[in-house]
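The structure that follows is given in the form of structure tokens.
Each chain carries a letter (A, B and C) given by its place in the written order, and its residues are counted from 1.
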Amino acid sequence: MTTEPLATPPKRKTRNFALLSNRAGAAFMLPAGLLVSVFVIVPFFWVIFVSFTNRTLIGATALNPQFVGLGNYLALFDPATFFQRGQFGFSLILTTQFVLASALLGQALLGLLLAWLIQTVPPWIKRITETFVIAAWILPEVVIGFAWFAFLDYDNGTFNMLLESLGLPPGDFLLQQPFWVIVVFNTWRGAAFSMMLFNSAFSSIPPSYFQAADVAGASSWQKFRDIGLPLIRGHIVTDLILITMWTFNTFTPFLLTNGGPSYRTELVSIYNYRVAFQDFQFGKGAAVGVIMMLINLAFALIYLSLGRKRAPK
Amino acid sequence: MKISLPAFVGRIAFSALAALIGAAFALPLIWFLFAPFNARAELGLAIPDPWTLNNFVTVFGNSYAVQALWNSFIQATGGVILVGAAATLAAYALSRSSIPGKGAVTYTLLLFSSVVSGSAAMVPIFLIISAAGIMDTHVAVILTFAGGLLPTAMFILRDFIDSIPKSYEESAMVAGASPVQAFFDVALPVIRPGIVVVVVWAFVNIWGSFLIPFILLRSSDNMPASVAIYSFYSEAGTPIVTLLAAYALIYSLPVVALYLFVSWKFGFRFFGGIKA
Amino acid sequence: MASVEFKNVTKSFGNFHAVSDVNFDIGDGEFVCLLGPSGCGKTTSLRMMAGLETPTSGQIFIGGQEVTHLHPKDRNIAMVFQDYALYPHMNLADNIAYPLKVRGEPVDKRHARAREVADVLKIGHLMDRLPSQISGGQQQRTSLARALVYPAKVYLFDEPLSNLDAKLRLEARGFLNHLQRDMGMTAVYVTHDQAEAMALATRIAVMDQGKIVQYASPIEIYRRPATTFVANFVGNPPMNLVEVEGAQADGRLALKAEGLGIGALPMTDAIGKALATSNRLTLGVRPEHLSLAGAGAQNTIVAPLFANENMGPESLVTLDRGEGARVTARIFTDDHLDVSDTVTLGFSAEHVHLFDSAGNRIPAVGE
């Protein structure tokens, strides 16, 4: 046994062994770092800068924009016009309603219902239902936009054909009820994500939990309320935050309604596009972008803090 | 076997409800199963009589439509190569090196990537591309998507690499391999399934995207199929429904095929779960 | 083959000292087992030999050359990992030949050599298979083959048998023992299984909390465990330890404990020193040195029966001395033991181990 201390050799400062040295690691990070910096991080700061100028797409201020301070923000929040159609306040409220109705109520509830239903129905019904729900989600947005354009066509559309065959009056819904059209549209488009998230959450619950409830004589509703729901609470929070952020930022309804008629479906993303690329007011558009990013930031911070709490690392 | 009557009725009701919802989801898409094969297709639902592939012939005879598909392919492929390569290298470094501040970098990137969405950052993205002098080019679209998709791609891949035992590379190094050899001989092949998932995810995202090319591209020579389809049906006058139906179907095929490929190969339930 | 030496090696992770100030040397051709419970620093020590961890301080030598900060690839060592680390995308031939590939051997030569080693390990017929297509035992032998395919200075094993079931583990253990006799390789073998260490090692280093508690041959560790920790870790079942009160009487040592009847032991200087610190000693007797005693036996432990487990050729008889203190006897018998409620176990004085209040061995007479 040789535990007698020998003369301690002089200490040397050396890096610990790692599979990838720090220098190689930095080199590996470089390409991604550059791309993300230029196209994610720079835009974040640039948009703040531009929002304080009167930059436009064409004309004199395109090349030599002037600093206008909070001018763009004051214009956006001008109390005289704030709530008017086609103004920022109207668009913001519209978007809030859109998120509440189509994401929180529509997608999340429908997704939850679907996830629970397909646990119990025969496999062939499950497969067919899943296929169409997922198809609505994975197909490119322009294809979906066109599909709904055809579906809701006043003269020939499948929807009116269906209504007439049921003895109901047809309608030109894109003109009459544009807001509810995009709410249903977005619910339809995005329910798949919630369904799949909840589905995987439900299947992560050991079947014995439900079998124990079966033995105790619980009904399907009781099993859902007392076992399923409490155990997937974390997933529900995750789902709500994610679909809220996506729905808040979505541009897809533009492909169905162009934001109209008369601004009635002009969500903030579409408003931002119109101000910047149709009215050519980049400064004002940037201010809208900044506000959108601040709202995104709030949700992202909530989401990340929840994620950190759940997986401390 | 005996099932009580209420339970039986309940199961029927559940199945009926599920089938009903499935049908509701199918309705707006059913038109797409028929119209592309109907030479006289209109916006109404009609069974083709006779079934024909004429519409597809028309599409492939339309040079603008073919060019747009090719543009989509160039932009998606270019973006995917950048995202795949840069994300693999960066994710490997995040997982395997001990660079100080790794965690902070990860957190910051995650935060930025969810804050800077395409619809919020369209103005500065336009200005950056404009300042770089690459407006109305494929490169503009490719670089913008690479930057935007990279953070998420890196996280998916980092998680994947974290789940792979370090003993693969360790054993290679003990056996005499240099870090570079260990990366290419051992780590890269083992990470490959993760890279495939990320690459497919990025491809589908770029292929299906509308807003960024819509803003950054001017000339019809560079327009991808998404913008082409939009202009086909949104411009004044009656759209050429026959062409559009067939074209939209062709344009959707790669996405469907890739989705089926990934779910068959990896059973990846959350394909595309995180959008850019 | 080469020797290995640790000089004052310490490895800290933050405030936690995984290995603290460890010194030992491994002679050329020795098979040394690092034995200890999980978290004792044995795997960290092995990984420092491999170069997969860098010591916080101290030096490591392989074959007389300092390798403390040398990259693993430059140490010319071989290692078998606990999870085997077989590359899933390479067939067995490529897996086994990989170390030769990075050494620049041409493909036909390295495959021939891989086949040679694989044949010895009886996996030569599987060379075209992928690791996922062979059994756990075959995977273990493949990882062994990959380590043996090139001449390394030292062979390192990180719990290589822990993923095998009991029967395969015994078989693989026997094979490793045979290999060591055949090749005379220098090997360092990490395990928490004392039986594996006893069976394979020329010397065992028992580790606890980052330190080497005892470094000696298996038989030495079995016969003269340096501390109660070693005594309790080596042997199956482990040594019985009984808290006793010691006192010097008439130039001999008298021990006292509930249910213990023991004749006075010869006094030594070492015992005197221990008693000077504290009269609380620990008496140790191995289960195989206890037997069922009739009346009149000189040294006995009497206590109520707790369990009587028949294992075939032997029986484990466990007594409950109260407050969780148990004493187990390993009694070799083909018959079912007929023991009553209270059992008397006897032992001979030559099998008694004594430890002082700090748990360190008090040398017996003549040690």
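What we mean here is this: a contact is a pair of C-beta atoms (placed from the backbone, for glycine too) under 8 Å apart; a residue touches a chain by one contact, two chains touch by 3 or more.
It should be emphasised that the depicted structure is a prediction, and the values quoted were computed from it without experimental measurement.
Novice: Work out the mean Cα position per chain and let me know which chain is farthest from chain B.
Specialist: Computed centres place C farthest from chain B.
Novice: Go through A-C and A-B and name the pair with more C-beta contacts between its chains.
Specialist: Contact tally favours A-B.
Novice: Using mean CA coordinates as chain centres, what's the chain A-chain C distance in Å?
Specialist: 57
Novice: Go ahead and note the Å separation of the Cα centroids belonging to chain A and chain B.
Specialist: 16
Novice: Could you say which residues in chain A touch two or more other chains, in rising order?
Specialist: Chain A, residues with two or more chain partners: 16.
Novice: List, in ascending order, every residue of chain C touching at least 2 other chains.
Specialist: 51-52, 71-72 - these are the residues of chain C that touch more than one other chain.
Novice: Mind pulling the chain B residues that touch 2 or more other chains?
Specialist: Each of 170, 173 in chain B touches at least two other chains.
Novice: Applying the document's contact rule, which stretches of chain C touch chain B when the two form their complex?
Specialist: For this pair, the touching residues of chain C are 50-52, 71-73, 75-79, 81-83, 85, 87-89, 98-99, 101-103, 146, 150, 156.
Novice: Quick check: in the complex, which residue numbers of chain C touch chain A?
Specialist: Going through chain C, the ones touching chain A are 7-8, 21, 23-25, 51-54, 57-59, 69, 71-72, 211-212, 214-216, 226.
Novice: Flag every residue of chain B that touches chain A in the complex, lowest number first.
Specialist: 10-11, 14-15, 17-19, 21-32, 35, 42-45, 82, 85-87, 89-90, 92-94, 96-100, 105, 107, 109-128, 143-144, 146-148, 150-151, 154, 166, 169-170, 173, 179, 182-183, 204, 207-211, 215, 226-227, 229-230, 233-234, 241, 244, 248, 251-252, 255-256, 259, 269-273, 275
Novice: Touching residues of chain A toward chain B in the complex: what are they?
Specialist: Touching chain B: residues 16, 18-22, 24-26, 28-29, 31-33, 35-36, 38-44, 46-47, 50, 55, 110, 113-114, 117-118, 120-122, 125-126, 128-129, 132-151, 153, 155-159, 161-162, 188, 191, 193, 196-197, 199-200, 220, 245-246, 249-252, 255, 258, 268-269, 272-273, 276-277, 282, 285-286, 289, 292-293, 296-297, 299-301, 303-304 of chain A.
Novice: Can you list the chain B residues touching chain C in their complex?
Specialist: Residues 165, 167-168, 170-178, 181, 185-186, 189-190, 192.
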